[in-house]
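Below, subunit A partners subunit B and then partners subunit C, in two separate complexes.
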Partner chain A sequence: MREEDKERGYDFHKASHTETMTINMGPSHPATHGTVKFFLTLDGETIEDIDVEIGYLHRAFEKECEAQKWNGVFPYTDRLDYTASVLNNVGYAMAAEKLIGIEVPERCKYLRTMISEMARMSGHYTNVGAGALELGALTAFIYFIEARELLWDLIESICGARLTHNYVRIGGLTNDLPDGFRENVKRVFAKNRKLWDDFDIMLTKNRIFLDRMRDTGGISQKDAIAWGFTGPCLRAAGVPYDVRRAQPYLMYDRMNFDIPVGSTGDNFDRYLVRMEEIKQSMSIVEQCLEQMPEGPINVDDARWRMPSKDDSSTKMEPLIFHFKQIIEGQSIPAGEAYQAVEGANGELGFYLVSNGGGKPWKCRVRPPSFALTSALPLLVKGSMLADLIPTFDMINLIGGECDR
Partner chain B sequence: MDSIVSLITQPLVLELLITLVKIGFILGLTIGFFAPMLAWVERKQSAIMQDRVGANRAGVFGITVIGLLHSLADAIKLIFKEDFIPRGAERGLHTLAPVIAIIPSLVVFAVIPFGGQYTLWGHEVNLVIADLDVGLLYVFAIGSLATYGVVIAGWSSNNNWSLLGGLRASAQMFSYEVTMGLTVIGLVMFYQSLSLVDIVAKQENFWHWGIIWHFPAFVLFLGCAVAENKRVPFDAPEAEAELVAGYFTEYSGMKFVMFWTAEFLEMVSISGMCVALFLGGHHIPFVTQKFLLTAFGDLLGQDIGAVVVMLIGVGVFITKLVILLVLQMTIRWTMPRFRYDQIMKLGWKMILPLSLCWIFLVGVGILTGVMPRP
Partner chain C sequence: MSEEKNSGQGGVSDVMARAKAVLGPMGVLIHTHCQHGDDTLVVQAEDILKVMEFLREDKSLRFDMMMDLTAVDYLGAEEMHPYLKPMKARFEVVYHLYSIEKNHRIRVKVPLTEESPFVDSITGIWVGADWFEREAWDLYGVVFRGHPNLKRILLYEEFEGHPLRKDYGKMKRQPLIGPVN
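And then the complex of A and B:
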């Protein structure tokens, strides 16, 4: 209902004998892909009311962690934000290391920084590409999917997996870089930069795309902070908050990168911020490879990091620690720790509590897309049904991360 | 035997037979050739544009013929699919809707000339099924019927998404019908005829082609045509990300195929219109039909020569048609989708005033003699 009609006490629906339409959008709907349901009240095509129902991908992640040994949690973290799974690995590992109070070797930090940025690129490729797809630009989507596939080839060459990498361990990593990795990065990034340019040409200055994204789903700086926005959506609203800069972790304080900031907070700014972040991430990966020293990738302490196979089959003490870790898990000292990393969607926090046993006593995740999704009604109420699509996409609800 | 020959040679029967052959040719060309080929082109062209391999799986004994057999495989698959009618749907209208959608796109072809007039063995052959004096009006009258198929499909499915799709389609198709009609008024003033055969005949000289004098109208017309066909970027009525599949969400099997074929056939018929109005129909630039007739007549004899010229004409017409189709496909695979209100804004606030302006300009051009009428 229009505001001026409301003031006059004039009810359009009553006068014209029309009603609003209530409609269930999802969970099986092409735009919600099984992870969420919107209960919409439509006046024609205008969204009068929207009720967001999450939880379709709830897997009891937090509870499940309590039944796993410390290292056994890693495969579960992969499935949080599955478009950028190493970032979750890194966040969890760093929280656990904070709890223990160990520092991983420098090479390990560089490797973690590098693969985090690769994961961020993968997440942004998926998000921006799918946004184009849902607006009907299938060709642009395929361009970014190709870029993502090439990136996944690189990640696969490091850790053997393409989607759920399970690469990080408490106190280290599973593998070091393979031979010829640097050359491959050079080749893939050259191609990805070209794909980025193609994508940019097809969409950024495309009038139709601009019309669809500009001035839709906007949020003010104040509201964005009040609703707990983080990540690209907050930066699009003009707040230059990035965990990598605000609380530098790993090697981010040595990296030279920009934090793109938008001004209007609408979908187009979110898109632009993500596009720029892809470029910045590429540069960070290259800087990491340049600065990376040789050296070990695991802490040299058998209490926390599994001893090597050779050691544990020839020496007494490593064998004991190996056995203890497998059967009991690392006995991480009692206490609690919170560690946040900049996930692809925003601040991804892990809050771990240990009571000294081999398993986490409590593992709580602060998922960025939960806060973003809760603000969805604010963003789309009063706009058209078609605007829900780009807004929902730029919010980037990842079911695995939001529902846990 | 003699009686059959004498029956055939009777003028009326002969006329009837020739018309039947022409109808058969058009049906074969559209449903038999263009509909499956466009399905293939859509797959293969998108694959090329997207750096993919594209359709190459369906094959007989490993022979895939660059994916051409996919259309056949699709047809076989869809024929055997369950014909599902949702509970609460209006059964009769639900079944009727795809028929209403597909027929207009076919019968529009009745007035589109796919060749010129030829004299074969002393008999006049005009390569158009019905040479109507009001051909253009007929096209728009029939074209607006297609809206009914879509709206009825949306309403009768008993599905809110279908209903929204049907509503969008009705508003969009109605708006662009009006606009499309206005974009060709300039041409009617220029050629002083509503008959498509006349208009094509007057474009024998390359410098009289519609696209030369009416390029703005051509652009506007093509834009309206894409909108009328509900193809990306104007596919709001079926917008798969918003409305699941819009008005044909609840259709399966052969009924779905009919909607899908209707979309392709609309593309073909609208491109046929475009060729006839703007691209000189069957004419080759700078080559007159008279020249061809004498050249081939001297070489092969009067009648055989005329047959060859006729085939060349049809070939040229189809070539122009294919170029337009590929252009539309390219647009489809490049653009994102408009929002529904943006489509309406574009139609009413931009294309409509522009086409009115163009009518005014053409009027001024004709009166002042800047635009010499053919």
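And then the complex of A and C:
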């Protein structure tokens, strides 16, 4: 405002102000990945107010889980954050194991750590790639989708599925590593490192990308904590909270990795944090393969182990256990437990309640992107409409996880 | 106040000891336990703001983050917790708090009866509780008094009932709705 205007009490901005416009953006908009509706009040191109409407992908996750046997929940957890589905498997299995009070064998822990990191890479590839795509960088997107495809080939060779892996079971895993896996990892990671470098060259110092990402969608440390931010978005704001480091589970206490932290909490920092985490995850996968001992991948106790297909069709006792587990479900002792793991988007917590029956009495998942999305109005109010796109991308709402 | 034996090894955690030392004399604790190593406080609904403010502000606790908020319906399973039957409680609102500074967790639970499923909103303490409370209202019908905008979040406005209640059948259908305007 000009000084003389201020003295006259004249506000040019106000005087030239047109009426605000309300528009609906979504629920299916080409510039947003995820099904969500924004009810926007715009003053020109500035966002005056925004109401975020979620729930378009609600499919009664909890109600379905309450109707499934304990092991039957896994396919549903796959569909929470479907870009990093094994992480959900692992979180749920660990919560159930906490309720039972069993510990899985060391090799199983290593395998779970390894595949969790592969899932995190897949989640970050998708997020960063799709984020670039929605800012117009189709080429960069293709590079990371190629990296993700190669990664999924690896995961497919372990468990037979590319997207919804359904790999983990209470008390263990479905499969051990296939032959020649280590060589394949070496080959794929060499290629993925190359793709990462190319992606980095294309975007990180790209003027257009920088202009769209830097100083948009920022949040302060204090606000980030108050809004329940976790994961890359919290770390981008400068809080080094990572469940893997703060409360190590599986084999993370034996892994050597860095936790990248941002300083401004804007979209560009979120992007950089995720990029660095991809590198760190690759290193964790390699460390797991190096340290992994031979041994069983399932617990010894037959009550908590799903018998293998071979055993259950050739031997009497495994057949009985298999039948009991499928028909009655495992009778997990009554109680409640909360287990958090570091998901691709932040703290992924499972709160399970058992009444001693074969089904969960309650199967709650704490979705990280739900808390992140709830702060979206704070992040974009007062900014340009175009800034909504990178902010929403870097918040990374995953419909399956947020809406459940 | 009743108390369960710790199922974990060792004694009472520092968090629990501190919480009990302050909240115990205030007479707000109904029950405490430490199942599977998760410290848990059960408190009266009318005391929730007092308890939460203490947990957030206390220098040795500093629970600065509201990690999760949900509800549980114990219809037909009230015997799972010793305090539910005497209180005639059906629901429990469950809060999971975390302290970034101190790196510890706690669970706080509030039993509620079917007739008055009311509890004060904690959005004044942790602003991030907003959507979580809306979700608990949406799916369980728990009313958070003082919430700035308590409306459905995952379901649509015309939805009838609260689907995560145990007496809501899994196959129950909802009437079809047309365009609103």
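Going forward, the second predicted complex is superposed on the first by the 375 of 404 C-alpha atoms of A that agree within 3 Å, B and C clash if a C-alpha of one lies under 4 Å from a C-alpha of the other, contacts with A are read in each partner's own complex, and residues count from 1 in each chain.
Just so we're on the same page, contacts are C-beta pairs under 8 Å (C-beta built on N, C-alpha and C of every residue); 3 or more make two chains touch, one makes a residue touch a chain.
Since the structure is predicted, the reported quantities are computational estimates derived from the model, not experimental observations.
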| item | value |
| --- | --- |
| Overlay on subunit A: subunit C relative to subunit B, clash or fit | fit |
| Which partner, subunit B or subunit C, touches more subunit A residues | C |
| Partner chain(s) touched by A:Pro30 [first = subunit B, second = subunit C, both, neither] | first |
| Touched partner set for A:Gly72, first subunit B, second subunit C, both or neither | neither |
| Touching partner for A:Tyr351 - first (subunit B), second (subunit C), both, neither | second |
| First, second, both or neither for A:Ala386, with subunit B first and subunit C second | first |
| Apex subunit A: angle to the C-alpha centres of subunit B and subunit C, given in degrees as a multiple of 10 | 130 |
| Which of subunit B and subunit C A:Arg212 touches, first, second, both or neither | first |
| First (subunit B), second (subunit C), both or neither touched by A:Ile225 | second |
| CA minimum distance (subunit B, subunit C), superposed complexes, angstrom | 17 |
| Interfacial residue positions of subunit A with respect to subunit B in the complex | 21, 23, 29-31, 45, 132-140, 142-143, 146, 202-203, 206, 208-209, 211-212, 384-389 |
| In the complex, subunit B residues that touch subunit A | 46, 49-52, 160-161, 164, 168, 232-233, 235-236, 239-242, 244, 333-342 |
| Sites on subunit C touched by subunit A in the complex | 7, 35-36, 38, 40, 64-68, 70, 72, 77, 80, 94, 96, 98, 100, 103, 105, 107, 126-132, 135, 139, 152-156, 163-164, 170 |
| Subunit C contact footprint on subunit A (complex, rising order) | 54-55, 58, 60, 62-64, 66-67, 98-99, 101, 225-228, 230, 239, 241, 246-247, 334-338, 340, 347, 349, 351, 353, 355, 361-362, 364, 366, 370-371, 373-375, 403-404 |
